[in-house]
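First subunit A sits with subunit B, and in the next complex the same chain sits with subunit C.
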Partner chain A sequence: MKESLMDILCDPLDKSELELEVDERDGEEIIEGRLIGKETGEVYPIEDGIPNLLPPDMREE
Partner chain B sequence: MTDTPQDSVKATYDTIAEHFAATREYAWPEVESFCASQQIQSPPDTESIGVDIGCGNGRHAETLFEQTSLDKIIGVDVSRELLHTAQTRATNRGFIDDLALIQADAGSLPLESQSVSIVVYVATLHHLRSRRRRVASLSAVARVLESDGRALISVWSTEHDQFERSNGFDTTIEWTLPDGTSIPRYYHIYDPVEFRSDLESSALSIVETEISSGNCYAVVEDN
Partner chain C sequence: MTNEKAHTDTIDSTLAERRKIETTVYQPAEDSALLADAIHEQGRGRLLEVGTGSGWVATTTAADVDAVTEIVASDLNPHACHAAAQRAASSDDTTTPVSVIQGDLLTPFDANSFETVAFNPPYLPTDPDVEWDDWMEHALSGGPSGREVIEPFIDSLNRVLAPDGIGLVLVSSLAGYEEVIRYIETAGFEHSVVIEESYPFETLSVLTLRQQ
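Now for the complex of A and B:
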């Protein structure tokens, strides 16, 4: 995902803001990292450039 | 893993993604004409955004890219495997730079309120189990739409020749993989009156409705 996508993304649980943590990037493109709910503390992984913003009860494992 | 109803939709489409995507080559004409008729009027400094909910292999994200002047398209799907097929399609067809892909649930869209000009939500709502969940998902569409934004919503309906019943019902429809394996998929088959009623129960208001190729369509806006 591009970093500019942060402008529109929010926490699926309460629509509050997300914080971005980057492990791997390619220019503007975030390849690996995570989004963290500022209010909920929930961690949403970014893998292969695609953020997984499923609510926790719909995630695998 | 918790086996909530929506997990099964995700698991189903993760399993059939590659074969399913290969059989979903062309955009629906109803989606093409809807997209082509939308005028995008976002304020000068704002990016105009279109969202395809249940984007699958990205064929209608591609339609949004081709038929509108949107600055950015977002494809949302519950299945990661389907999102990968959309990633491949967008790369091969040259619209990957304008496309963002997000794994998310149609019932809890992780998008800011009033941020989207156009929503395409076709052949997806009928996979959500329970009426409450479907209406909540329709209200989520209303929440993300800008005040002059529009959405096209479609569901499979009792008007299709395949169905002999005239009232909406829950059913399971098998997807058969090339090796013969059958994978069940949950559907709520809508009747047109019920579709209208679910739309009216949500925060959306109806602009127009249509029945085409056995599907109910509605063009809607935020109430």
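Now for the complex of A and C:
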């Protein structure tokens, strides 16, 4: 995902802000990392450039 | 009674037909082409496509619609997200960026974020006793009424639309056109038909929704 997407993404649980942690990037593009709810503390993984912002109860695994 | 039975059989066979083709990711069909045409006419600015499936509508829009400057494509299905990201990456058009987000309807998006939000919702009415519980069910089934996905979408559409933003929503007669219109009006939207096509067993319409 592009870092600029942070402007339009929010925590699906309470619409609060997200914090970005980057493990791997390619310029503007975040390849691996995570988004963390500033209020909820919920962790949303970014894998292969795709953030998974499904609420925890909808995630399979 | 006989008619009702025939109608149900038709829906079941439609589902079976569509399921035969693909079991993981919804592939572009007539409804996808109609939504793409409606975006061509009315889409602009930053566009969100909810339930992008294979990503065909998003990538076609990126290549063909100059008024759309940025595209965000979302789906709850991880296989669809990967297919959409691959399709976008292999497209020749690089001027309009396409980003893929895995998420449920409008829940991961901030208020006032999009000039256009496009959605071809799952709308086939399904018997609650017949559950496949796989990704294609999510892509096709609108629950017993056919409206179980479009209604929560309409509930939160106003929040994510920028001022003067529009929703472009595909509605099938199979999900009950009048019922969907009533729901849209109750939610406070003005609506008009952008494009409409009739097929043997359903009429598909794409509606523009504007905040009143």
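The criterion applied here is as follows: the second predicted complex is superposed on the first by the 61 of 61 C-alpha atoms of A that agree within 3 Å, B and C clash if a C-alpha of one lies under 4 Å from a C-alpha of the other, contacts with A are read in each partner's own complex, and residues count from 1 in each chain.
The working rule: a contact is a pair of C-beta atoms (placed from the backbone, for glycine too) under 8 Å apart; a residue touches a chain by one contact, two chains touch by 3 or more.
Keep in mind that this is a model prediction, so the values were computed, not measured.
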> subunit A superposed: clash or fit between subunit B and subunit C?
Replying inline: clash
> Looking at the overlay, does A:C10 come into contact with subunit B only (first), subunit C only (second), both, or neither?
Replying inline: both
> Of the partners subunit B and subunit C, which touch A:M1 in the superposed model: first, second, both, neither?
Replying inline: both
>> Is A:P51 touching anything from subunit B or subunit C once the two structures are fitted on A? First, second, both or neither.
In response: both
>> For A:I36 in the superposed arrangement: first (subunit B), second (subunit C), both or neither?
In response: neither
>> Under the stated touch criterion, which partner chain does A:L20 make contact with: subunit B (first), subunit C (second), both, or neither?
In response: neither
> Where on subunit A do the contacts with subunit B and the contacts with subunit C coincide?
Replying inline: 1-2, 5, 7-12, 15, 48-55, 58
> What residues of subunit A sit close enough to touch subunit B in their complex?
Replying inline: 1-2, 5, 7-13, 15, 48-55, 57-58, 60-61
>> Help me check something: in the complex, which residues belonging to subunit B touch subunit A?
In response: 1-2, 4, 6-7, 10, 47, 49, 74, 78, 80, 83-84, 87, 100-105, 108-113, 115
> In the complex of these two chains, what residues of subunit C are touching subunit A?
Replying inline: 46, 72, 76, 78, 81-82, 85, 97, 99-104, 107-111, 113-114
>> Per the contact definition, I'd like the list of subunit A residues that touch subunit C in the complex.
In response: 1-2, 5, 7-12, 15, 48-55, 58
